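Naming follows writing order (A, B, C, D and E), and every chain is counted from residue 1.
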Amino acid sequence: MAHLVIENITTAYDKADVLQDVSLEVEPGKITCILGSNGSGKSTLIRSILGLTPPRRGRILFDGQPITHLATHRIIASGIACIPEGRKVFPKMSVAENLRLGAYQESDQAVVARRLDQVHEIFPRLKERTGQFAGTMSGGEQAMVSIGRGLMAAPKLLIIDEPSLGLSPLYVKENFNVIRRINELGITVLLVEQNVHQTLAIAHAGYVLLQGRVVARGSAAELADNEEVHAAYFG
Amino acid sequence: MDLGLLGQYLLNGLMLGMIYAMVAVGFTLFFGVLDVIKFSHGDVLMVGTFAGLATYLGLESVGIDSPWLQLLLVVLVSVSAMAVLGALIAKFLILPLKDAPPLNTLLATLMLGSVLRESVRLFYPNGSNPKPFPRLLPTDEWSLGTLTLRVDNLILLAAGVAAIVGVHLLITRTKLGLAIRAVAQDGETARIMGINFEWIVLLTFGLGSGLAALAGVMNGLYYNETNFGIGLLLGVIGFSAAILGGLGNVYGAILGGFIFAGLQTLGSVALPAVLPSVPSAYKDVFAFTAVIVIMAWKPTGLIAEKSSERV
Amino acid sequence: MSTILLEARGLTMRFGGVTALDALNLAVHKDEVLGLIGPNGSGKTTFFNVVTGLYAASAGSVDFEGREITRRAAQEIYRAGITRTFQRSRLCLPLTVFDNIAIGNYQHLQHGLLFNLFRRQALKRQYQENLEEACRLLATFNDKLVDRLFDPVSALTMIDRRRVEICRALISRPRLLLLDEPSAGMTHDETHELMSDILQVRQRLREAGNSVTIVIIEHEMNVIDRVTDRCVVLNYGEKIAEGTYAQIAADAEVQRAYLGSD
Amino acid sequence: TPASARDTVKIAFIGPLTGGVSVNGIGGRNSTDLAVRLRNADPKSKYRYELVSLDDECKPNVGVQVATKAASDNSIIAGVTHYCSAVAMGTVDVYHKFGMPVIVWGAVLPEITYGNNHKEIHRVNGTMVNQNEVAAKFMTSQGYRKWAIIHDTTDYGKGHNKYFSEYLTKSGGQILGTFGVTADQQDFTSELTKIKELKPEVIFFGGLTPLGVRIRTQMDKLGVKAQFEGTSGIKSDAFAEGLGKDLAEGSLSFIEGAPWEKLPGGLVFTGKYAQQKYAEAPEAYGPFAFAAANMILDAIEKVGPNRKKVRDELNNAKNVDTIIGKVTFDDHRQNIVPLITKYVVQDGKWVVWEDSEYGKGKRKLMGR
Amino acid sequence: MSMQNSNSSAAPSWPLLTGVSVVGVYAHFLLHAESQIAVLGLAVGAILLLIAFSRFGWTARVATSAATYPKLLGAGAVAAVVLVAAVSYEMHFALLMLTTVLLYSTVCLGLNIQFGYSGVVNFAGAAFFGIGSYTAAVLASHSPLPHLLIVALAGLVAALLGSLLILPVLRTRGHYAALITIAFGILFKTFLEVNDALGGPQGLKIPGMEILGWKFNDNIAIGDHELSFYLNYLVLSLALCAVTFVLVRRLERSWMGLSMDVVRLDETAAATFGVDIARWKITAFTLGNGLAGMAGAIYGMMTGFVAPNNFTFGDSLILVSIVILGGIGNPWGILPAAAIVLILPEKLQFIQEYRFLLYALLVILILLFRPDGLLPRKIRNYFPGDAGR
C-alpha cells in the first residue's frame, strides 16, 4: 500500500507562506498529478513531503504513519523516492555510481543488478555511457540519469518533479510510457509536469495549485474540462 | 656519496613523505566531503599525539608495561578520542557553517586550530615544553654500510601505507564511500537518496580525525618527541601537499606528500652541494618556490581532477 | 535572405571517446530564425559552445560575417557580435537584475580606471542609458520585472531568470543570438508569450537598424513550427536533415530518431 | 608602615606569554612576579609594587605596541623587558623616546646594548659573544677538533652561529658544515644524514630547547655519534625531560652568570619560587628576570619612583649582588659578566661542569 | 519608468548621527579601558547595546538613514576618528592603536578588492605589507627621496613584486590559488630571515617620517600642551584610509566593480559576455597589493622598526579575518572588524597567556552567530539616492 495523505499543510521558506493550507491525497496504485503555473508551489509541496522544508503546520501521513517531522532519510526509508526538479545528478560521479546511489537503501547486490538492467533497457544511452561523469552529459542525458536513479529505488511511492524538462519529443513520449509502466508495476506516482496534455492522458487524478492553494481537484477527465486548467494551460 | 647514504636519504624522505601524505590524505578527505578546508587538521593530529602520550603515561602508572599492549591501547584511545573530537567539530562548527561562504569555514577551523594548540599549551601539564614520546616499537636495526635500517621505521612505513590504502578503498569501493562522495557533491540530493546526511558528515569527520590521530601517534613513534607546535607546520605542509597533488584525489595527496618531502630533502642537501653559496637554510624558500612554479605549470594539481563541468 | 552570416565547415568536437560534433557543415543565413533540433546528446549545445569560444573545436572551422572565428577567445567572439543564453541558467545569483543585464553590454561600457573612479558624471550618464535600455527590454518580457530591477536575481523564479538571461543577451544588440532551450520548464502559455516577446524585441531592433539573426534550440515542436524559418536536425553530431519545419517533420529519419512516430 | 598605607608603584614585565617560546616568557614573568611579591611582603619596603605584565608574542610589531603602552604610561617606572632579540631591537628606541628605564632579562643579541647609546637600556644577562667565546675555548681545550653546526634561522640561532664560528676558528676548531633550520622545523633527518657523512666530533646547536630536543633525538635515530653541545637556550629542565635521562646525558650548555643554584641567594629563589606554586618552571632566564626586577625595586626604594632617577641609579650599578652573581654595567649598560657557567647533563639533571663527574674525570664526554 | 527617486528626502539624518556618535564614544572608552572590569563592562555594554538597537528597530533606522546620507556617514566617521584622536591627544598608546587600526583597514580595503570583488584570494597580505615596510626602510635610510614619494614607491614595489605571482594566480582558482599566496607568504618571511642583506632575522631600523621639514616623530607643542607625535601618523593614515575608502567605494559602484563581481561569480558567463577576466584579476591583485605596500610603509616608519617576524602566515590570517568578520565585500564592515581584531587581543592583555585562546574562541563565536560578517554586503547602488538599495 502506498497511501499519501496531506492534511492542511502550510509551508514557508523565510517569511511569506508559499503553501497555504494545502490538503491532498495520493491514492495507492494511482498516478496523481499536480498542475500549476510557475512558482505556484509544486516543488515546495514535494520538499515538504520529503522533509527538506518541513511544513509549519498540518501533517502528512504515509500509509497511516505520520511522517511530517521525520528526517529525510527516514521518509525515504518508508518507501518514497523522488526524481527531483532540475535533475540534480551527482556531477563528479559516473553514471553507474549515480544509479547505484538511487538504490542506496538496498544492500542486496543481486536486486540492485536486476534493477540496473531494467533501467538500461529503458535508457540504452545510460548503458553506453556507464563511466562518463554525469556532470559532463547533455541536458537530456542528465534527465535520463535522474529518472533512472529514481527507478533504481523501486519505491512504493515515486514523486516526479518535471521529468521531461529538456527531453526530446521522442523521450518525452517514452518517458510518459515509462511512468505508466512503473505505475502498472504497482508503484504509486505523484507527478508534477508542465506538459498538461500528456500528463492528464496518463494520470488518474490531479490537483491544481495556484499561488500556494489548491484551486481545483478531480479525476483527470474532470481536470481536462476544468475552466481554471484551461485558462492556465491551454490559453 | 656512497650508496648507503643515498639509501639513507631515500629512507628519510620516504618516512617524511609518508607522514606528509597521511596529513594530506586527511585534507583530501575533508575537502571531498563538504568542500571545506579544515585547517585545524594539523592541530587535531597534535592533540591525537598528546592523547596517545597521556594514555601511555596512564598505562605506565597502573602498571601495564607490555609494549605491544601499550601500543595497541595508545593507538586505540588516541584514534577513538580524536574521532569523537572530529565528530564534535563537525557537529558544532562545520555543520552550522555549511551554508556560509567557504572562507568562513576556513577561518573558523583556523581559529579552532589555535584553540586546540593553546589549550594543550596551557592545560596539558607543562604543555609548552617538548615531551618525549615512548619507544613502543622494537628498535632493532641493521647497518648496511652507512645505511641504518630500523625495524620501527619499516613498521611505521607499512602502517602508513596500510592506512592510506585502507582509506582509499573505503572511499572508492564501499557503499559508505559512495555516500561520502554523494554528500560532498550535493548534500540535499544525497538526502533524497535516503542517505543520512548528518551522520555521514559526522562519520567522515570522525574518520579523518581518527586518521590524523594515527598519523600523530606515528609521528610520535618515529621522532620519539612531540610538542604542542607540530600541528601548525604539518597542517600547512599537508595542505600544500594535498593541493599540489590535486585536491580530492587520494593518489594526488600521496604524490604531493612525497614530492614535498623530496623538495625539502633536495633543498637541504642537494642545493648547497650544487650551489655552495646557497646554505641549506634556503630549503623552505626552495621548496615553496618550487610549489609556486609547479602550480603555475599545473594549475589544478599534478593529478588534475577529471573535469565534471560543462556549460 | 541568402547572405550567409555564420558558417561551420567540417566542425568536429571530441570529448575523450565521445564525438559530440562530427564534421558538421552548417550555415546560418542573415536575418533568419534557425531551429536547431535533435535528440538529447546530439551536439546542439556543444555547437553553441564551440561557436561562442567556450570549447576549442577539435577540427573544422567557423566563419562569422566572412571572418574566421574558430578557436578565438570567447571575449573576441562576443565583441564580434554573437551572444547566447545557456541551457542551465548562468546568472550571477547574488547580483541584481540590472547588474546581470548590464554586464551583457560589456563592450559598450567604459572600463578605464580614471573614467570609473573620477568621471562620475559621465559614468552616471552611461549608467542611465543602460538603465533605460534594461527597463525597456524587461518591460517587453514582463512588466513586473521592472520593479525588481534592484532585487538580487536569486529572488526570481526560474522563468523570470530565463527572461533576464535573454535580456542580458540582447542588450548589446548582437547580430547573432543563440538561444538554448529558452522555453524549458514553462507552460504552454508562458512559452508562447516568451517567443512573441523575443520576436517583438527583434522587430524593434530591426527598425532601429540592427538586424538580429537567431538560432534556437528547442524540444518544443510548437515553438519550432511557429517561430523558425528553417530547421537543422542533428543526430550524433551530424546533420541529418535541413529545411522548413514542415519538411523536416515529414522526414522519416527525423521521425525515427527524434520526433517518434505515433 | 602598614602595607595599605604605602604608595603603589608600578613596574612592567614584557616577554612572550603566548606562542612557541612562551615557556621562557612565562618563566620570566613568574620570576619577576616573585620578586614583586617578596618585596611587597617585606615590611621594610617603602612602596607597594604592582606588576604590569604584557605579552610581546616574540614579535617586533607587537613588542613596539606593548612597549609604547608601558613606556607612555608614566605611572610605570621601569621595566623588565624582552626575551626575544628582534623584539628588543625594535623597542629600545621606544623606551629611549619615552625615557623609561628597562633591564633586558633574556635577549642576547649584542646590538641591543651596544648598537645604541640609550641610557634607558640595561641588560643583566650577557651577550652571545661572551657565551660563545668560552664555549669555543672550552671545547677545543677538551681536544675536539671537528664540528658541524646546526642553528635556527632566528636572530638567536644566527647570532650564535656567527660568534661561535668566529671563536672556534680562532681556537683552532674546524667547521665541516653549517646548517640553518627554521624554528618550527620538525624533521632534521636530511641535515643529520649529511652530518653523519661529514663525521664531526661535535655537533654545535644554536637554538632553543624544543629544537634541541628534536635534533638530539633524531641524532640518536640516525646513529649520528657525536658530542652534543648547545647554547644557553637549551639549559632548561624541559631539555633533559624531553629527551629522557639516557639521551640527554652528556649534553653541554653554556650560560652567562654565576651558577645561581649554588649561591645562597639562588637557593632562596628556588625555594620561594616553589612556595608560590607557579604552574611553570622559571627556565634558564627566570633568575635573570628575578635579578633585574630586584635591581629595579632596589633602585626605586633608594631614589623613589622617578624614572630619571631610577635610570641614573641603574646606570651606575657596580658590583650589585644578585642571584646571578655580581652585576656591573659598562658604559653601554651591559652587565660585564664575570663568569660563564658550563653545564653538563648528568643523570637527567643539569650540573655545573666543575661539580659533575665529567668535570672530575669520572665520566667521559663522547669520543674522549 | 517606475523607479522611485523621491523617497530619499523622507528619512531623517539624526539616527545616523546618533549611531556614529554612539560608536565613536564607545570606541573612545574602549581605547582607554584598562582595568578588567572596564573591559568586561564594555564588552557586556556592547552586547546590550546591540540587542537594544535591534530590539527597538534602531539598527534599521540607522541603516536607512546611512543609506540616505552616504556623504554624511563618511564625514561622520572621519569626524568621529578625529574627535576620538583629539580627546586622546596625549595618549600615545591609544593613538598608536587607532593609527594601526586605520592602516590595517587600508590594507583590508585592498584585500577586499581582491577577495570581495574579483574573487582573487590572497593569503599573503602581511607579506605585501612587509614589502612596503622594507621598501620604506631601505629608501628612507639610503636615499634622499621625499618620504611621501617613498610611501607611493613602497606601494609600487609591493604591486610589482606581486606581479611575479600573476601567472600562477591567473591560472589557478579557489584553494589552488590560496596555496600560491600561502607559499609566497612563507617564502617571503623565510627568505628575509635567511638572507642577511635586509637585516636578516634582526630586522632593520626605519627613520621616522619627515615631510617638508615637519618631523613626524617629534611631539607637537601647542602652548603648554604636548600633543603626541602619533597624531602626525594618525592624520596621514586617516587621510590615506579615507581616500582609499572613497575610491574603493567608487570602484565597487562602477562598471569596474560590476565586472569584478561577475569574474568572481562566474568566469564562463563573464567570458561569454566579453569580460576580460585576466585584466580584472590583475587590476584587483595589483591594487590590493599596492595599498598593502603603502600602508606598510607608513606603519614601518611609525614603529621605526621592521623584522621578518612581523609578517608571518598568522599575520596574513589576521588581515583575512578582518575582511571576513567585517562582511566580505563591504568596506564599511572593515573598520569595526579591524578595531575588534586589533584592539580586542590588546584589551585582553590582563588575561595574559590565555588571551589568544579567548580571542580565537571569540572569533569562532562571531563566525557562528554572524556568518555573513558584522555588516554584510548590500546590493550595489551605483549612485547615492538611486533606486537600488
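FYI, a contact is a pair of C-beta atoms (placed from the backbone, for glycine too) under 8 Å apart; a residue touches a chain by one contact, two chains touch by 3 or more.
Note that the coordinates shown come from a computational prediction; the quantities given were computed from them, not determined experimentally.
Novice: Please report the minimal path length, in steps, between chain A and chain E on the chain touch graph.
Specialist: 2
Novice: Check every other chain and keep only those touching both chain A and chain B; list them.
Specialist: C
Novice: Taking each chain's centre as the mean of its Cα atoms, which chain lies farthest from chain E?
Specialist: Relative to chain E, the chain whose C-alpha centre sits farthest away is A.
Novice: Can you work out the whole-Å distance between the CA centroids of chain B and chain C?
Specialist: 49
Novice: Can you give the whole-Å distance between the Cα centres of chain D and chain E?
Specialist: 38
Novice: With chain centres defined as C-alpha means, what is the inter-centre distance between chain A and chain C in Å?
Specialist: Centres of chain A and chain C (C-alpha means) sit 31 Å apart.
Novice: Would you please write down the residue numbers of chain B that are in contact with two or more other chains?
Specialist: Chain B, residues with two or more chain partners: 118, 279, 281, 284, 311.
Novice: Any chance you could list the residues of chain A touching two or more other chains?
Specialist: Residues 136-137 of chain A each touch two or more of the other chains.
Novice: Can you tell me which residues of chain D touch two or more of the remaining chains?
Specialist: Residues 18, 22, 26, 153, 180, 182.
Novice: By the touch definition up top, name every chain pair that qualifies.
Specialist: A-B, A-C, B-C, B-D, B-E, C-E, D-E
Novice: In the complex formed with chain C, which residues of chain E make contact?
Specialist: Contacts found on chain E: 1-3, 247, 250-251, 254-256, 258-259, 261-262, 265-266, 268-276, 279, 283, 379-383, 387-389.
Novice: Under the definition above, what is the set of chain B residues touching chain A in their complex?
Specialist: It is residues 175, 178-179, 181-182, 185-186, 188-197, 305-310 of chain B that touch chain A.
Novice: Which part of chain D faces chain B closely enough to touch in the complex?
Specialist: Touching chain B: residues 18, 20, 22-23, 26, 153, 178-182, 184-187, 189-191, 193-194, 196-197, 209-210, 213-214, 217-218, 221-223, 236, 238, 241-244, 280-281 of chain D.
Novice: For the complex, which residues does chain B have touching chain D?
Specialist: By the definition above, chain B touches chain D via 1, 5, 8-9, 12-13, 15-16, 118, 121, 126, 128-132, 141, 143, 146, 148, 150, 219, 223-225, 227, 229-230, 232-234, 264-265, 268-269, 279-281, 284.
Novice: Provide the residue numbers of chain C that touch chain A in the complex, in ascending order.
Specialist: 15, 18, 37-42, 45-46, 87-88, 157-159, 181, 184-190, 192, 219, 221, 257-260
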